Each structure stands twice: as structure tokens, then as C-alpha cells.
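Next come two complexes, and both contain subunit A; in the first it sits with subunit B, in the second with subunit C.
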Partner chain A sequence: MEANIHFPDPSKVREELIQKYPAKVAKKRAKSIIVNDPETIPEVQANVRTVPGIITQRGCSYAGCKGVVLGPTRDIVNIVHGPIGCSFYAWLTRRNQTRTESLMDENYIPYCFSTDMQEENIIFGGEKKLKLAIQEAYDLFHPKSIAIFSTCPVGLIGDDVHAASKEMREKFGDCNVFGFSCEGYRGVSQSAGHHIANNGVFKHMVGRNNTPSVGKFKLNLLGEYNIGGDAFEIERIFDKVGITLVSSFSGNSTVSQIENAHTADLNVILCHRSINYMGDMMETKYGIPWMKVNFVGAESTAKSLRKIAEYFGDEELKAKVEEVIAEEAPKVKAVIDEILPRTTGKTAMLFVGGSRAHHYQDLFTELGMTTVAAGYEFAHRDDYEGRHVLPGIKIDADSKNIEELKVVPDPELYNPRKTEAELEALKEKGLEINGYDGMMKQMTKKSLVVDDLSHYESEKLIEIYKPDIFCAGIKEKYVVQKMGVPLKQLHSYDYGGPYTGFEGAVNFYRDIDRMVNNPVWKLIKAPWEKVEADSLEACYVTQ
Partner chain B sequence: MIKEATAKTATQNACRLCNPLGACLAFRGIEKCVPFLHGSQGCATYIRRYIISHYKEPIDIASSNFNEETAVFGGSHNLKIGLKNVTTQYKPEVIGIATTCLSETIGEDVPMILREYKAAYGSEGPLPQMIFASTPSYQGSHIDGFHAAVRAAVKTVAEGGAEKHLVNIFPGMISPADIRYLKEILADFGLPFVLLPDYSQTLDGGPWGEYHRIPPGGTPMSAIACTGSAAASIEFGSTLESPKSAAGYLEERFGVPRLDMAMPVGIRESDHFFELLEKLTEKPTPEKYRDERRRLVDAYADGHKYVFGKKAIVYGEEDLVISIASFLNEIGIVPVLCASGGKSGLMRKRLLELVPDMEEKGIKVRDGVDFVDIENETDTLQPDLLIGNSKGFTMSKKSSLPLVRIGFPIHDRFGGQRLLHLGYRGTQELFDRIVNTIIEQRQNASPIGYTYM
Partner chain C sequence: MLLRHTSKEVKVREGLTINPAKTCQPIGAMYAALGIHGCLPHSHGSQGCCSYHRSTLTRHYKEPVMAATSSFTEGASVFGGQANLLAAIETIFSVYDPDIIAVHSTCLSETIGDDLQQITKKASDDGKIPEGKYVIYASTPSFIGSHITGYANMVTGMAEQFTVSTGEKKNQVNIIAGWMEPSDMREIKRLSKELGVNIVLFPDTSDVLDAPQTGKHEFYPKGGTTVAELRSTGDSLSSLALGCVSAEPAAIALEKKCKVPFTTLDMPIGLSATDRFIMALSQAGGVSVPDTVTADRGRLVDVIADMEQYLYGKKVALFGDPDQIIPLTEFLLDLNMKPLHIVSGTPGQRFEKRMREILDARSPETNFKNGLGADMFLMHQWMKNEPVDLLIGNTYGKYIARDEDIPFIRFGFPILDRIGHSYFPSVGYSGGLRLVEKILSVLMDRQDRDALEEKFELVM
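Right after this comes the complex of A and B.
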């Protein structure tokens, strides 16, 4: 498919993006800036270390581990072992929501726990302080679980968070204490932290509670973090359809749900990047297949529900899914019919996350908008090109430092939910079982794909493409808007949301309509400033 | 359960941020300067996102992107590559380098690396100025990093020489609106000045007609160079001691007198500031400010019935808390608890200087605390309101106490960067907001339904 909007010559754009860099940097960046062809997907250099001094969107391993994966589970006390900043900066900033069943239920998300390391802890070691902090948390809250997160200095001064956790776990007997070596300097980006978190959750939590879960169609939702209430909308739809959500990793989740997750019959994956390890490990150990889905976009939601029904192969479920889709469709249609004339033909750029830059393209398609350029902050090649490239990805020093768990089928609990033949048949039907085709297959020919876009490159892209909307995070928001282009935050949703499911789609349509048609951009020039072109907005963007 | 002292080991809900954040903020107030953190990229990313959520303005912070090898073998190579890349892309005139817990833990000798860098690249043309501040996150708080960066900037370029008709003003961590107001006052006095750091435009500016690699605004390095020959330095900050301050350095090195004072909040401290300006300029306070003062006194009188005898808990940076407490005392609100995550050890002493009868009034001072410590005090102290940054919201909600937002960070209200705190005008705004908060509380809580207050 080639878009019917005018694209600047992408190879020229590519040249322009790298010409300011020193030769060595230019050579490296060129491999991450690719002109897309969905037919023969080219290779994108991804998950390689950012060059020092290039201002990146990326965060650190600790951010991925604590902030992203572990943060949304409400009844784990998360203690950050390190100086105060790391815990402070991750304090509620992800906008993960959670809904306790009663006011008495444990919810530690609003807290910011830190060992607040001081100079003497750096010099003489911080393990003693850490153990005291764990003891205090236990005495105060008696939580089911306490997780410890290592920040940069911890690894260097040789504090053993795992030994300290083990000691306290054995001491308490009724509280599961475990640690993560997620020091900020490990790995390339927050992606390393996701992997470390997956390993820890799999090792220390999944499989601890064998009580059979109740329900006919039981699944886990993987890689959904309930930003702005996304999980609530998905839960609403599952409830309506009659699907039992055993556990979520990890939006609106609890410890006991995660410990029981292995009793589900299917894992559906939203954010492939942050949680695919968990899908693979559960498949190997317990025989639960995983399937890539997307609940961002009304059509994508309908499609994903149909895929789930197809997986369970139950006619009644299939009928119920159709019934729910039919029930939800009118309210979505009413809104999109109104908005579509105002958004059709506009262009978007998405540089965000490890899956979001892909998922949200579906919503823009529904709005009649074209994605002219996209890329991830911390994804790997498989998220761009599809999982078939996995065997060919060479393991570099950064990836080697992240532990790969050796997982074998559980002697008692391994129970393949589907036979090989059944799985093959489902794949034939187009279900992404244990697989993911990546973002580029869906993007138009000649669109631009850029991994780990730098601040400088984003400004160049805006200058050249003048998109109607740019999607990224808070760090990019204000500089993009300085240039007269609205920026939609796809980490915090600009304090809006939910954007999943049917209701979420409606929210997103309205938000994008509001943003791309915001009258404020027409007010930038004062009457006494010379107008040089017909359109004020157009002439505003840097020439 | 009421806990008297901070007996606990861990920190819950901290009332302070980390050292390098303050340094980055201060570097943002120097013209054509790119802040640079020597450490993991996560520090730069977290600090950027945090500063941005308050100011709603872009802030670029570069990083030397440590990896495991760098962490073990040293970051010299990464720092040099980083400086080179920042120089090529951003063409800065200044790079403000601050350390992190990581680079400090491995004991990086940054000044030596910078000397090597200059030796290696100095011949290729002019290099940006390098300002270096040591800001280990495991010491002090963001305010220490802020002052360290300001002192480092002055130390890097200030030159001595024949005394110029000029004053330095080091206002500490205040809002862009406060900075603009101070500049207006000094200009109205006709007093040439160097204000450092000046992020009033870089962190609160308008749209750009053209793309800027570095946002316009900030104190030029050429101006900072003149600070060594100024007639005097005015420095705000009750707990900021001379050996840690920019004015302290200038006094010691070039004999520029350091005139230190509390942040001017409230009539008395503002009077003190205007008196100082009158003395320095030998000119009377312009009519505009006399008017502001008159209106403020009038408002104090009018609003007295609402605020007198009320009790407040104030928290935040030590210097801000001290000045706000002194102002509250002036209007008849008792700051029953003055709390800070900072720990200079001077807070009590300095507050006593401004409010000598604080003991009798039952004003309590606690430093080195977190929000749980503060919350534990609310039951016994029974305050009417809370005054501080957004992080007190949880406490405010739990105890149903209204929160008047001031300082940093404010990320749950709009316009935190435009809040005015200083001088007659800032005090007027604060006073109006406090009075209205109390009225609103009464109005909402009244079973009769006041519509005319």
C-alpha cells in the first residue's frame, strides 16, 4: 500500500538527518534510519547503545524494571535501594491506575519507598540499611510481597540484594521478599529492565499458587499497564464477553493473581517488547501458548476479540463476541462519523515506547490519518521486523549481561493447552500464536522508520514533514509544540485515557480531533508580525 | 501511632529530590548552556521528565551514558565522546557538567578528564566553556546541587578588576515569575545587575519562530565573568553558608561583599530587600513598589479576620520554608510545623532569628523528614492548612486539609512556573491565595451555605 499523500523523498530526508553528525556517529545512526518497504522489510539497527552526548528519549534499566513492570501491582511494597532521586522520579509518574475491591485492601502504589542511601552507605555498604528498611516495611504493613530494586551504586559497592532478600524472606516466613539487579547502567535502555523484571516475576511469583482458576475461557493479559485506566476498559469488555481474566501483567494486578497465572489457558500479549519473555517462559514451563493482540483501536479490539474466540474454538463464545462488537459499534461510529471529516488526510508521527508506536497507528488509520514516520525508543529488531528475525540477532555485550533463564517443562504442571497441530491450524487462520509480525509490515511504503530518535533528529523531521501531530512523551512534548505542532503524549496520555477498547477509541478520536484542530496554533502570530505565507501554521514551522 | 522523631531507617514519600536535578536546573539559567550529567542515561531522562512536568518547557540534558564496562573501568572515554557530540550538535557556548551517584561512587576525577579533553581538542578551534559541579546524589538534596552549580559557574569565569557599578544577585531556587519580578525591580532602581541563574525565559518562554538548538535566554557567561568586579552580591537563602555559595566565593576570592538575606517573603523581609537596594543605589524605592507595599498592608488589614489564629504546616526546601514561616507569622497564621527533607542543621537557628518568639508560639521545626513524618504530626498539631509543593497532596487528601501550592514541584496544578512568591507583589499573591483557600474551605464546609463572605 502506498499512501496517497505527498511524501518527501525519504532517502534525502535520511541524508539530512545524519549530515550534522561526526562521521562515526553518522555511520552508526544511518543503520537506524530506514525507508520502509512492507513487502521486503529492511533491517533496522535497534537495541544498540545510545552514543554519549546524543540526547535520547530512553530511560534506564531500573525504570523498565520498577517503573514499568513491577510498579502497577498494587500489593507489593517496592523498595528502591539507592539514593533518593530514583525512587522520587518514579513516584506515581507512570499514571498506573488500580482499583482495590475495598478501602481496606492493600495498595502501595501511592507510596515512594527508598533506602535513601547516604555517603556512609556508599563507603561502608548499604546491606544493613536495606535489611532494616525491609524489616520496617514488614512491621508497618505486613505485605504479601516486598521487592527490592537496585540502583546504580548498589552493584558497584557490592551490596547483594538477593542474599539480603533471601535472608529476610526466610526470617519472615509469610512475606515473599525478592530482589532485582536492575542497576541503571545495565543494558541499553529500559528494555533491559523489562527482561530483568520478567525473570524475577517468573522465578519468584508465577506458580506459587496452584488453586485452579474458575471459568471457561481463562486468559492472562500480558504487557498491559493500566495507564489512564486502559485495563479497566479491557476488563469491562472481557466481562461482557464472558472471558475470565486470571491475571494481568501487570495493570490493576495483585500478587495472588500473578502467583496463580499459570492456571490460565492462554496468554494474550499487548506490549510485546516488555513482556514477551514471560509469554515464552510460561509456554515452555506450563504449556500455555501466547498470542499477540492489540486492544488499541476499535477495529483492532474487535479483531483481537475474534482471535481469542477463535483460539478457544467455542461457537457460543464466538457468537457472544459478535454480539458485544455489534453492541459497542454504534457509539463508536457516531463519534467517528462526526470527527472523520476533520481528521482525514492529516499526518502523524509516532516515536514512542516499544509497542505503542505500532499499536496507535491503528487508531490513526481509523481517523483517516497516515503515519509518515515512526519508531520506538527501546524496542528490538523483532518489534520492527517481526519475530522471524530473532535467530539472526547477534547478542552484543549489553544483551549478554542480562540473564537468560533456563526454563524447562514443569514435571507436574506442564500441560500443553493445544496440540502442535491445533496451533498450526490456528496460525493458518492468521492468529499470531507465539509470534509477532512487527510494526513495519503494517506501515506504508516509503514511510520512515527511525529507532531511538534523538532530540535533534525529531526537530529535523518536524521541519521537513510538518506533521499534523507528533506522538511521543513528556520530554519531547514542549519542544515539538514550540514549533507549532501538537504533541500527544503516549506514555501519560496527556493525563487523559483510557485509550483501549471501544470507549478508549472514542476518547482518542476526540482528543486527536481537539489537538489537530486546536485554534491556538492560529494565534501564534500577532497582527503586527509579518505574515509570509498563506497559512499561519505552515509558515510557523521552521523553514 | 504518633512518632516523635524520625526513628525509621527507610524514607517513605521523600520531601526532597536529588542533588543533580538542582544542578541541571541552575545550568538551564545560563545562556547557551547544555546541562550534562556524567552517569547513566536514566538520570538525565528522569530529571528531564521531572523538571518538564513542572515548567511545561523543554529541557535537554545530555549524558555520558554509562554502561557496565564504563561503570567498572571509568567513564573518561564516554564523557569525552559525549562532550564532543554535544558540541557538534548543539554548538553550545557552555556545557554544565554535573556528576551522579554512579560517577561519584567510582571516584571519577572529572576536572582531570576535562583538562585532557581540552588538551586533545583545544587546537581544533574554540571549545565551549566547561562548568563542573560535583553533585553526588547520596549527599544533600536538589538545593545543594543548585547552589553547587551556581558557585561552579562563578568559579569558572569570574574575573577580578576595578569595581564596576554593578551588583550580583543570586536568588536561589525561585520561580521564573520571581526572577522576572526581581529583574523588573532592579531595572526600576536603575541598578546594573547580574542575576544568576536566570531561567525565566528558558523555562517559561513562548513559541519559537524558528528552531533553537538551545532555548533563548539565560545569564550570559560574559556577564558572569563580571561578577568578580561587582560592588556587592545579594544572596537569598537563610541556610546557605558562605563556603557553599557563589557570593561566598566572590567575597573570598575578589573581596566582593556578600549581602546575604532570607528570601524576601512578607512585608518585613521585603522591606529589608528594598532597604538594601536603596542603600546600594542611594535612591528611594520607586513609587510603584511603595504602592505595592501600601496595597499589601491594606490587604493584610482586610484579610486579617480570615487568617488570624489559623495553623499551617509548611514544607519544602529549608530556605523557602523559613521565609514562608516568617511571612505567616506576620499575618497571624501559626506555622505549627516547619518541615524539610533538607538537613543543613541551620533551619531552626535561622527561623529563630526571624521569629524570635517561635518557642512560645509553639512553632516546631523538623529537618530531614519525609511526608510520612509530617503526616504523623497532623493528628496532634491539628493544622488548618498545608503549604508546600504538589507532593503533599496525598497528605492533604487523607487528612482533608486544603493545600496551598508553592515552590517546586507542582505537577497537579497549572502554572506552577508562573507563581510569584517574592517581594510585595509575590506576598500579595500568596496572601490572596491563602485567604481564599481558607474562605473556600469555610464556604464548602458550612451547613448553612454561605454565598456572601
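Right after this comes the complex of A and C.
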């Protein structure tokens, strides 16, 4: 299949992408634009500052902390401490679906809470207003938890959200109040906010409830945010297989689940970028190993289920997994058999997120499509090259100011779920524990890898490669579509989904088929605008 | 219930805003700047601001929204953002080649005290602004006012920084657009043409945020007020500011700088406000109103008269932005409807006073609140105490409409889940007709849905 795809000379492409930049910028960007070789895996510059003035896809630390990690948990009142905008823009825009058990269970996701800081709060300090806001939220809703998120000015004027949270927590007694120093200027992208969120959730939530969870095969699902109902589909499959989901971080989750997460026996990680810290910290403190899985793609889902069964090493579970895969497979096959002839040989580009640009390549492979270029918005080198590069990553000034929690084994609760020998045996079976190989190993030779793609580079890439579909986010959606190329949003799924598991794969096949074969792309030119050759061809076709 | 925690009992809140009926200044500045031809808006702050504003505007318009950012990191936040802005200006002119960069500040750059005037002057002194290109700026701290304030500040920046007075008057009238849709700006231009008045409209987002599909992405679309037009506004006969909150400050600036006299009008939404606009425009241009416009007006009045029974006494809750709420409230009263609850997060006495003028005379019992604490949570609580027949506001209103099971019309900013606002105007008589049609459709659909079988009407 690959042989049919025309790859332009990638080193020339790279030159073309940077030629318009001022010399210093060109030099910097060159290190983030890499021609892939899955055998040797070259180094990609990632998680470094975006050059000011470059039109970037990236957002801020606050977005990563509040928007991504904390946003999906339904029963926390998330108060944004700052001027109104930050809370407004993150209000319901990430499509974190949630399903309460009863109609009156706590669910604050449709609400937007802010201290709406005014000039006087900037000048004289905003802590008083913050405490007032926390008190009012408590009086109105009596929630189990209130989380406070710092926006840019908060750090600068020196409001201590942690002290304010502590004071109110102690005052209430029955409401866990905690803060996050996730000011937008921290780090270089959303990624800093993920780390800050992981630290806060680990410190203030995980381990608060030691009631043993019930079930034979208990795991936590990490880095799954239930966009478009992705978590619902995974929950459906787990139920069928007989796996107990203790907690999700954080799609469709509740406070009490997260507080009890340390009683699970395995952490499976989907979005490595946003949640790997949690996996590592829970491993160190509680002895729970983590494993990278991918539920995006039917084959990837089957593979991930088998990995989980292998980890638990239970023959009955293994058999059940095979039974469920066999049961789900026919409906997937029916759809892909119909669609495959229409999608095979087409090309895709994915520039999005910190894991999605990797995961969704599996679905395109299932569709017979080739990923010609891909990159992340806010990932680190390990997401590209694999975790083996971790010891060699230099800690720069922007990463240094993100707290690295010092975690030690819990004197009472540390309980290694697997012995060293067992882990070794699993490794021999090809089961990688606490590891991730990254995106590049899976991409073809000569494909292009670009970190933190700029607007300018995206237009150039589209001109050169003319891909059949481009995957990115809302800011890129209509720019790319104006060029006559369909864009699939992989943050919001264009308000569709789910795309995980078996049902999700079917949804994705249908959506991509619809998009790449949509007649609208042939309607762009008015009949009187078409050149003669075109009209001749059109006549020929209609005849 | 989606908003299941919203209680009926109203308690005074002094610290917590819940479900705001406003957002922050910079997005307004970004929107305004897109209404200048060949302009790239630039957000001087953290990346997140620019990303959020572009995302929200993109969702509202389903169009490309290009803007750059100073990409602040912690270092810039401590040592000042001058180096970032200077670097950004250099990068933008070499990579994206705009005619103009319109810089707006953020809460971050305002808190640390970055002075945009000084930095842009330095950029100019250092030769970073190519010949014939411009960098303009507006101070838009997010902790003052709202997105409407930011819009007003950027439009004022255009007036202050572009306008020159040559001493020779031009036979043209400035129309300063308050925050309205591209469709509205297109309609203002059409009406002016119909009246035969030469105008300079600024800003003008038509042909920018409603661009056609051509198979090519035009980084700088064909629309937008040109630099030449903006410069010429100082020589105009007069200015009409459409909106006392979002447009008047620019008119004041123009008067100060170039002595161009101005009249402030409500945005021409609905019958009475459009009447005043047409009168003012015909006077400013020294023309009489053509019969075609009078006929358009007559058609709107005709529909109102014909359908009055379905409108009479219907209670409405309304939330949104000042210059749209003011004339819409008046229009609802003209339609013999009952605006019962009105909130807007945008503060300001000018707004409050204009609302009181309208309400005190015709509907003194209306609940109206603006500024701090005037949020959608409060409006929802009011609605639980005194139910309404219709809710009008931006997309966030759909959660209330669903919970309370009341008809809902999307109006204002942002509209994230429907199209139409960028294509069909709300201003002018045709805009009024569209609004009446929308109101009637949702009310009459509801009547049809709820009618007993024996009361189900064929002809209405």
C-alpha cells in the first residue's frame, strides 16, 4: 500500500517550510521538523517555547490543568480565580460527557464559576474575594470538593490560593478545597498544566478513601476524558469483559472514585502526555504498575484488552476477552469491508494534542490510509521517540518551575502488585510495563514529523502533499477547509464520536468515509469559473 | 436537569460569578481588528488567551480567525514582555506580511505594566516596522469591563491612531459600527447606498468573517475597512456612532482629534431604532429617504400589525450585550411584548441610564441588572420565580431553555451551535422582519406543540 503513496523529498519539504522565517527562527524550527526513520528514530525538538508572533495551535497551562484534567470530574466545583474570560472560554467547550446515576446527583459541569477579578482586586489583592467566592459556592451547593484555578494575574500579584484553600477546607470540615498554581504563563503550552493538575490530584485527592474496591480485575483508566462519550464505550467493553473500573482520570469520573483509585491493581494509560506523571507517582507510592494502552482503533482495542488480560494472568479473563473480541468483530468488519475500497490509498496528516496524533494513526491504518506527516501540539520528546530518551532530556528554565513531587513508598499502603520476577516474566511475553515507545516507531520511513506546527507550515504542507484529510483542532478547521481539504477535529470530534473501542471505530470509519468522499469538495468552482479542460472532463463524466 | 443545582431562592453574591453574561476585553479587540483590511490581530499575553479567543470566534463564525500571540512564558511575565512583542512584530512582518498589526493587551501584560505605546514606538524606532506598514494598539485589561469594552477600545485605537485631518472636508459620513455581525455591517452599507449617502464604515467584518468557499484560503480576505478609508475619517462631515457603549468612545476620540461632530444612536435593531438611524443618516448625508426604504419599513409594520395577537403580553427573558439589548428591549416593547428579566455582565452607567430611559416609561417593573453579579445564574433564578414565555440570548441559554422548557432564540455572542447570524442581518427593517419571524415561529411552534387536539389550529 505504501508504495502507492507519493512522498515528496522530505528534506526539500523541510527546507521549504523554514525558508521564509527570519534566520534565528528558521534555525530553531529546523530542529522540530524531522524526517522520520522508524529504525533509528532521530531526535525531535519538542516542549520548547513557541517563537513570539508565530501562529501556533498551542494554548496555556490553565487550559491543560482546568480544561483538560480537572474539567471532566462532575462533582467538583471548579472556581477560576481571575478575570472572567478564562472561566468563560473553558465553559462546556471540551465536550466532557458525564452520566450521573440519578437525576439529582451532583454535576457541576454545565456551570461556569469565576471570581471575576476587577481592577481593585488586582491592585489590592484578590484573596478576600476568592474566600468569599468559596464560601458562597459552599453555601449554595455544599459540594464534596471545590478546586481553585489560578490565572495569569493571580501569580503575579501574589494571591496565595493554596493558603486560602487550606483555610476554607479547615473551616468547612466536610468539603475538600484545594488550589492549582496553573497560571497561563507557566511552561510553554498546555502540557505544564497537565503536570500541575497531576500533582494536585495526587496530593489532594488520591488516597483519601481506603475502602477496598470490589472486583477481581481492578484497574484505573488514565488519560481518558470522555470526549464525545469515549469513556462510555470503554466502560461498556470493560463491563462485558468483567474488568472493574475503579476510577477514571478523569472522563465520567467522580471525586469518590479518584479518592479510591489507589485500591486498583493496574493503571492503564491512554493519553501518555497528560497523565504519565500520575502513573509514575502511583507506582512509587502504592506499587501499582502502569501500562500504555490504546482504545482508539478496533485492532488497538483488541490488542489492549489482550494486554490487560495478560497482565492479570487469568485464563478465564483471557478467554472472556477473546469471546468479546469475537463478538464485536463482525459489526466492525461489516462496516470496514464496505468502506475500505473508498478510503484505501488515501493520505492523512495529523497535527494535534499530545497523544491523539499517534493514536488516530491506528484508525487510519485500519482504513487503508497512510499518515504522511504528523506531530503534536504540546508533547515532549518521549511522546515522539519513546520513554527511553527521558534520562537525556535537558530540563530547561520553563520546565524547571513546574514542581516535581518527591514521592516515596507509602509506609502502610505500598503494596507492589507484581514482584520483580513477575514483571520480568511479563516483559518476556512482550508486555511493556511502565513504558511507551512513542509515535515515530510506528510511522513510515520518510514521513514527516513536525512539533508545534505553525499556521504557515500547515498551509505549505497542504500545498505540497495535498492530503485527503487533515486532522487538527477548531482554530485550523475552517482554514484548511477553505483550501478544499476536509479537516477532522480530533479535540472535539466535530461534535460526533465516540471514537474509542469497537463502536467508536465504526463511527470513525463512517465519518472519514463521509468526509473524504463528500461531493461538496467538487462543487467549489462555479461552472463558469472552470477552465475548458475541466468542462470537457465534466462533459465526459456526465455522458 | 442540566442546571439542577440552580435554586429558586436568590441570595446576594459578592465573590462568585456563576454562568457569566459577558467575557473579557481582548476577544472584543480581536474581533474589531479583524474588521480592518489586511490586519493581523495580535494578543500580547500568554498563548492561551489568543487560543481561546480564536477558538470562540471560530466557533461563532465557522470561519478562519487568524491572530498571533506574544507567547509569554514565566520569564517574560517577570521581566516584562517588551522583548516578546518586538520579536513578534519582526516575525509577523516577515512570515505573515500584514499591512497592519493590531496589538491588544491582556490581564497579564497589564498587570506587569507593559506599555504598548512605548513598545510599538520602540519597534518603529528600531526599524522593525516596514515602510508603509502599521502597528496599532489598544489597552484591553481583562479585569475592567467586558468583551464589549475591549471592542470599543480597539475601535477607539483605530480612530486615534489612523485618523488624520487634512483640513479639506470630504463628502462622506463615518459610521462607527458597534459590536454587530458581518451581516449587519453589510446591511448598514446597503442601506447607506440605498439612501445615497457616502459612508466610511469601521470596523467592517463583512467579507472577512463570512468569506466564500473558493478552494483557496485568503489569509487577508477581501473585506475590512482599508487604511486609506480609516485615515480619511478625520475629513468626514460627521460621525454616527451605532451604540453608546461599543461605538461612542471612538466617535468621541475622532471629535477630539479631528473635530468631526458625532451623533450617538442606538444600534438600529427593531423598528424605532432603525427609524432613528435612517433619519439621522438622511440628515447627515443631506438626502431624503427613498420610497424603497419607506416600503421596507411598511412591510415590517404590516407584519407586526397582522400578527399582533401572537405577540401581545408574551413575557421575555433576555441576556447579552448593551448595544444589542437596548434596541431589542425597545423593539420587544414596540411588539407589545413584555421584557421581564434582563441581565448583561457589561457594566457602565451609560448603558444603565439608556435602559432605564426605555424601561421606566414603558415597563418599570422589568428586572434589569448589569455589571458585576448580573449573570445568567441570577437571571435563571428570576425565571424560576417569575416564568417567561421566551428566552433570548447567546447559545449558553439553551441549557436554561431546555431545563425550563421554554422557547429560545439565539441572539448575540457567542452563537456556537447554529448558523445564520453572519449571513442574515438583525439590523434595519429587514433585520427587524427576521427577528419578528423568529419570535413568531418559536412562539407559534410552541402553541402548536401544546394545543389540545380540539384546539389545534390550521390557520393562524
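Methods note: the second predicted complex is superposed on the first by the 526 of 543 C-alpha atoms of A that agree within 3 Å, B and C clash if a C-alpha of one lies under 4 Å from a C-alpha of the other, contacts with A are read in each partner's own complex, and residues count from 1 in each chain.
Quick note on the criterion: a contact is a pair of C-beta atoms (placed from the backbone, for glycine too) under 8 Å apart; a residue touches a chain by one contact, two chains touch by 3 or more.
Quantities reported herein were computed from a predicted structural model and do not represent experimental measurements.
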**Report entry** Superposition on subunit A - do subunit B and subunit C clash or fit
**Finding:** clash
Query raised in the report: So, does A:T93 touch the first partner subunit B, the second partner subunit C, both, or neither?
Result: both
Report task. Could you look at A:P527 and tell me whether it touches subunit B, subunit C, both or neither (first, second, both, neither)? Result -> neither
Requested in this report: Once the structures are superposed on A, label A:F141 by its partner contacts, choosing first (subunit B), second (subunit C), both or neither.
Outcome: second
Query raised in the report: Which holds for A:E463: it touches subunit B only (first), subunit C only (second), both, or neither?
Result: first
Report task. Return first, second, both or neither, reflecting whether A:P52 touches subunit B, subunit C, both chains, or no partner chain. Result -> both
Report task. Identify the partner contact of A:P411: answer first if only subunit B is touched, second if only subunit C is, both if each is, neither if none is. Result -> neither
Requested in this report: Using the touch definition from the top, say if A:N107 reaches subunit B (first), subunit C (second), both or neither.
Outcome: second
Query raised in the report: Considering each complex separately, which residues of subunit A are in contact with subunit B in the first and with subunit C in the second?
Result: 20-22, 25, 49-63, 79, 82-91, 93, 110-119, 121-122, 129, 132-133, 136-137, 151-153, 155-157, 183-186, 189, 397-398, 401, 455-456, 459, 473-475, 477-479, 481-484, 524
Query - Residues of subunit C that touch subunit A when the two form their complex - result: 1-5, 7, 11, 13-20, 22-27, 42, 45-49, 51-56, 58-59, 62-77, 84-85, 87-92, 94-96, 106-108, 111-112, 141-144, 146-147, 211, 213-218, 345, 372, 377, 396, 399
Report task. Give every residue of subunit A touching subunit B within the complex, in rising order. Result -> 20-22, 25, 49-63, 79, 82-91, 93, 110-119, 121-122, 129, 132-133, 136-137, 151-153, 155-157, 183-186, 189-190, 397-398, 401, 455-456, 459, 463, 473-479, 481-484, 524, 540, 542-543
Report summary line: Within their complex, subunit A touches subunit C through residues 20-22, 25, 49-63, 79, 82-93, 103-104, 106-108, 110-119, 121-122, 129-137, 139-141, 151-153, 155-157, 183-189, 397-398, 401, 454-456, 459, 473-475, 477-484, 524-525
Query - Contact set on subunit B toward subunit A in their complex - result: 8-14, 16-21, 36, 39-50, 52-53, 56-58, 60-72, 78-79, 81-86, 88-90, 100-102, 104-106, 136-139, 141, 207-213, 341, 391, 394
